[in-house]
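For reference, the structure I am asking about is given below.
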Amino acid sequence: EAYQREFDAKIDRGDFIEPKDWMPEGYRKTLIRQISQHAHSEVVGMLPEGNWITRAPTLKRKAILLAKVQDEGGHGLYLYAAAETLGVSRTELIEALLSGKAKYSSIFNYPTLTWADVGVIGWLVDGAAIMNQIPLCKCSYGPYARAMVRICKEESFHQRQGYESLLVMMREGTPEQKAMVQDAVNRWWWPALMMFGPPDSESVHSPQSMRWGIKRVSNDELRQKFVDATVPQAEVLGVTLPDPHLKWNPERGHYDFGPINWKAFWDVINGHGPCNRDRMAARRRAWEEGAWVREAAEAYAEKANRRATTHPTAA
Amino acid sequence: EAYQREFDAKIDRGDFIEPKDWMPEGYRKTLIRQISQHAHSEVVGMLPEGNWITRAPTLKRKAILLAKVQDEGGHGLYLYAAAETLGVSRTELIEALLSGKAKYSSIFNYPTLTWADVGVIGWLVDGAAIMNQIPLCKCSYGPYARAMVRICKEESFHQRQGYESLLVMMREGTPEQKAMVQDAVNRWWWPALMMFGPPDSESVHSPQSMRWGIKRVSNDELRQKFVDATVPQAEVLGVTLPDPHLKWNPERGHYDFGPINWKAFWDVINGHGPCNRDRMAARRRAWEEGAWVREAAEAYAEKANRRATTHPTAA
Amino acid sequence: QAALFRYLLRLGDSVLILGQRTSEWCGHAPVLEEEMALANFGLDLIGQARMLLTYAGALEGKGRDEDTLAFLRYEHEYRNVTMTELPNGDFARTMVRHFLFASWMVLLWARLQSSADPHLAAIAGKAVKEARYHQRHAGGWIVRLGDGTALSHDKTEAALDDLWPYTAEWFEGDEDDARLAQAGIAPHPSELAAPWRETVTPTLAEAQLRIPPESPFRSHGRWGRHSEHMGHLLPEMQYLQRAYPGGKW
Amino acid sequence: QAALFRYLLRLGDSVLILGQRTSEWCGHAPVLEEEMALANFGLDLIGQARMLLTYAGALEGKGRDEDTLAFLRYEHEYRNVTMTELPNGDFARTMVRHFLFASWMVLLWARLQSSADPHLAAIAGKAVKEARYHQRHAGGWIVRLGDGTALSHDKTEAALDDLWPYTAEWFEGDEDDARLAQAGIAPHPSELAAPWRETVTPTLAEAQLRIPPESPFRSHGRWGRHSEHMGHLLPEMQYLQRAYPGGKW
C-alpha cells in the first residue's frame, strides 16, 4: 500500500528507516534477527578473549585486553538498544540466545589456545568483522547504521592493536613465540574466511536483505576483499597463511584461494564446533547465577519507588 | 558400684577397656570427644596438604602427597569407627564438627604458603603428632589404642618423607629453595610446639584423663621431648629454629626454649586463626554439596533392597 | 620409533592429566570413603604416568625424564585425549568420566599386554588391574546415581550428555596408529570402538541412562589441539618447575 | 627510601591483585552493564598498578620495571593486603569487597594528594577520582542487594561477615609507616581507621547490614604472608613470563 511504497522509496533513495517509520514485518523481523545476533556475538565474543585476561603476559597487554572486552560490552549495549527500537526487549533476546533459538557469530565457537590467538583474533577476526560491518554503516535502518559507525571505529583500533602485538612477537620475539603466532594463524585463518558466510549461491537470506538495504555487498565479494587486504599484512608479519592455493591472479586482479571446508562450517553452525556447548553453558550459567542479583535490583527499585510515593520529601 | 570397681581395676592393671565393657559416662564422653576430634583433625588436615597436590614439583612428590592424604583419610575412617563403638554415629560427629561444636587440631588452621610447608608439616607437625600419639598406643580404650598403633606406623613413614624432601632442598637445592625451607620453618615451629596443648598448669582436661588412662604423659613433658628430638634434626637440615632462647641446658639435660605466645594459641583455638573460617567453609561446602550424592546412594540402596525382597532370585 | 614415542605420550599424558584433575577433589568429596577412592585413583594414574613418561623419555633419547616431560612442555606438545583435561564438575561428572575412561583403558591395557613392545606390555600388566578397579568403582557409582534420586539421575544424564562427544576421539586412528598396529605394538584405536560400546552399555542401561546420539563433534587433544581448559590446568601444574628452574625436589 | 619502595609495593600490589581478581568476572556478570563496570574497575586498578609499580622500580634503581615486578616475584615478595587476593565469590561478595576497599582508597588517595613525594601525589590525583567512582558504584549495589530480596540480603550479610576481618590489616602500622608519616610522604595507616569507619557505616546501614564485631583475626598480606589463595592466583598470572623467559610481547 502507500506505506510500502514510501518505505521502498526511502530504501531506493538511500534514506534511513527510523524506529517510528512503518516497515514490513519481514524487514522488522530480519533486522531483529540480525541486530540481536550481532549483539549476542559481541557478548559471547567476550569469552574467548576474556579467557586470556588473567594470563596476559604484560600489564600493558592486560590493560589493552580489558579495554577491548569493555568496548565489546558497550557494542553489545548499543546493539541491544538498537534491536529494542524494533519492539523487542533485551530479556526476550537473551532468552532466545540461551534457548538456542538465536545465533551468534560462529567464529566464537573456536578456542583461544595461546596468547597469540588474542592478537590473531584482533587481526583476522576483527578484520573480517570490520569488513562485514563497514557496508552496514550504510544499512537502511538508522539505529543499526549509527551503531555500526561507532563500532567500526573502535574495532579498527582493536584490529591495529592485535596486529601490533603479533608484529612485536614476530619481529622481536623468541623462536617459541614466532611458532606460537604461526600456529594461531594456522588455526584461525579458515574460520575467519567462513565469517563471511556461505557462498553467494547458497546464501539463504541474502537476496531479500539486499532488496531491503540491510545487506549491501555479497558474501563472496567481502570475502575476496578480506583476502586481498590480508595477504600483504601476513607478508609484513612474516607468517604463512595455511592455504597452498593462495596466489595472486593478475588476470582477476585478486588473490586466488583454496576451497573452504563448508562441511566444517555447517558443523560448527549446527552446534558441533569445539566450543559451542561451553560458550552456551557459560552464558547460561552467568544468566542463571545472576538471577538473584537482577531480582534484588528490581525488588529494591520497587521499594525505593514506594518510599518515594509515600514520602515524597524523602531523598 | 561393682562395675566401677572392675573398671578402675582394669585401668590400674593396664588392661584394655573394650566396647562391650561398662564404663563411666564421663569416660565415654571424654573418649568420644577426643577420638572424634582426632578423626576430624585427620580430615581437616587433608586441606592444607591437599592444597599442594596439584602444584607438587615432581611426579614423585605428587604421588607421595597423594598417598599421604589417602592414608590420612584412612586414619579418619579408623578413628570414626573407633568413636562409633562408643555409641555415636559418624553423621552426628560430622554435624558436630560443621556446627562448630566439635574441635579439630588447631595446627590445621595455618596456611600452607609454599611447597616447603609440605615437608615441614611432615617433619614438625607429623613429628609432634607422633609424639602425642605414641603414648596413646597404650591408651586404656582398646579400639582407640589399636587405631593409634596403625596410625603411628604410617605417620612415621610420612614424617621421614617430609624430612627427606627438606633434606634434598637444603643439600641440593637452589638458594631460593633453601630460603623457602627456612621461611616455612619460621612459620611452623611455634604452632608445632602449641600442638602439645596449654602448659600443664592450665590444662583443663588432663588430670581426669590421666586417671582414666586416656592420657599417659603430660603436655609439657611431651613438648620437651619433641624439642629435644627436633633440635638435632634441625641442625642436620641446616635450618635455624626461630627461637633465640633455644639452648642446651646441661643441668636439666634438656633444651631450654623461649616462651610460647599463649594468647596467639587461644586466639586460634577460638576461631581467629588464619584459616579457621576457610577450613570450616570448605568442610561445610563439601558436606552440603555432597548431600545429593549420599541421598542418591541411600535411595538406590533402598530400591535394591526392595527389589531383592520382592524378587529374591534376581541378582 | 617416533610413532611409539608419540603414542606413549598420548597414554602417559592422558593418565597424567586425568590424575591431576582427580587430585583436585582432595578435601572436597561427599564422603570420606570417596576421598580415599579418589586419592587412590589419582595415585594409580600418576603411577601409570610415571612409567609411561619415563619410558617415553628413555625412548626419545634426548635426556628428558618423567618430570621434564610432565612439567616443561608447552600445551600443544601434550597429547592427552581432551576428556581428561575437562574440569571435574560435580561428583556425577567425575564418576561418569572415570567410568567411560577406565572402561576404555581396561580394553586397551588388556590388548597392550600382548604388545610386541615388552616394556609397554609390562606397564599394561600393572595398569590393567588398576583400570579394572576404577571401572568397577566408578560403574557402581554410575548405577547408584543414575538410579538413585531424580536429582542424581538428572545430574548423571547431563554429565553423560556433556562427556560422551569427547569419546569419539579415542577411536580414531592416524598414520602413527596404522604403523603401530602393523608392528603389533598397539591395536588400531578403531578396533576398540565396538568392544568399548558393548562394555559400557549394560552399566549405563542399569543406571537408567540414555546413551547420547552420535555427533560430528570431535576433540583433538591427542594431536596437541586442546580445549580452553588445558591452558588453565598447566600453569598450576608446571608452576614450581618454571619458577624455580634447576630446583632439586 | 626503602620504606617508600615497600609502601609503593603495598599499594601497587594491592591494586594489581584486586585488578587481577576483578578481571576474572569477564563474561560471567549478571548483566551486560556490570560486565562493563567490572572491566572498567579492572582497567582502572591495573592502570594504577602500572603507575605505582613503574615508580617503585625506578625508585629501587635495580632495573626492574612494572612487568618484572608484577610477574617475576615470589609470593612472599608481594605486599598486597590480603583481602585483594581472596576469590571473588558471588556478585555480593565482589561488590562488598570493592566498596570496602574503594572507600579506604578514596581516603588514602585523598591524603596522598598532599604527599611530600610529588610523584606519589600525582598518581593519587588520578586514582582518587577512579576510587570515588568505584566506591559509588559498588556502594549503590550494596544498598540494592542489602535491601533487595531476603536472598540478596543474606548473601550480602554473609559476604560482609567474611570480608570485614580482613580490613583490620589496613590500619595497622609498622616502622615503615612511622617513617613515612614523619617524612610527610604518607599518612600513618591508623589515622584512616575512624574516617573509614565513618565513611562506610551509612551505606551499610542503608543496606540494612549489620557491621560485624571486632575480632582478633589479622591478615598479613602487606608483610608478604598471604592466604592460601595467593598461591593459586600467581601461577596463572605469571605463567607466560615464566614459560617464555626473555619473551617480547
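A few points about this structure:
We just call them A, B, C and D in the order they show up, numbering each chain from 1.
One rule holds for everything that comes next: a residue touches a chain if its C-beta (ideal position, glycine included) is under 8 Å from a C-beta of that chain, and two chains touch if they have at least 3 such contacts.
From a predicted model like this one, the values you see are computed outputs, not experimental measurements.
Under the contact definition stated at the top, the chains bordering both subunit A and subunit C are D.
Distance from subunit A peaks, on a Cα-centroid basis, for B.
Interface comparison, A-D versus B-D: the higher count of C-beta contacts falls to A-D. Averaged C-alpha coordinates give centres for subunit B and subunit C that are 34 Å from one another. For this pair, subunit C with subunit D, the centres built from the Cα atoms lie 41 Å apart.
Residue numbers of subunit A whose C-beta contacts span two or more other chains: 55, 176. Counting partner chains per residue, subunit C has residues 74, 235-236, 239 touching two or more of them.
Chain pairs that touch, as defined above: A-C, A-D, B-C, B-D, C-D. Residues of subunit A that touch subunit C in their complex: 48, 51, 55, 111-114, 176, 183, 187, 267, 270, 272-275, 277-278. Within the complex formed with subunit A, the subunit D residues making contact are 16, 19-20, 23-24, 26-33, 35-36, 39-40, 42-43, 46-47, 49-50, 53, 66-67, 70-71, 90-92, 143-145, 147-149, 151-152, 155, 236-237, 239-241, 244, 246-249.
Those residues of subunit A that touch subunit D in the complex are listed here as 43, 46-47, 49-50, 53-63, 66-67, 69-70, 73-74, 76-77, 80, 115, 165, 168-169, 172-174, 176-177, 282, 285-287, 289-301, 303.
Every residue of subunit C that touches subunit D in the complex is listed here, in rising order: 74, 232, 234-236, 238-239, 242-243. Across the interface of their complex, subunit B is touched by residues 74-76, 162, 165, 215-217, 219, 225-228, 230-231, 235 of subunit D.
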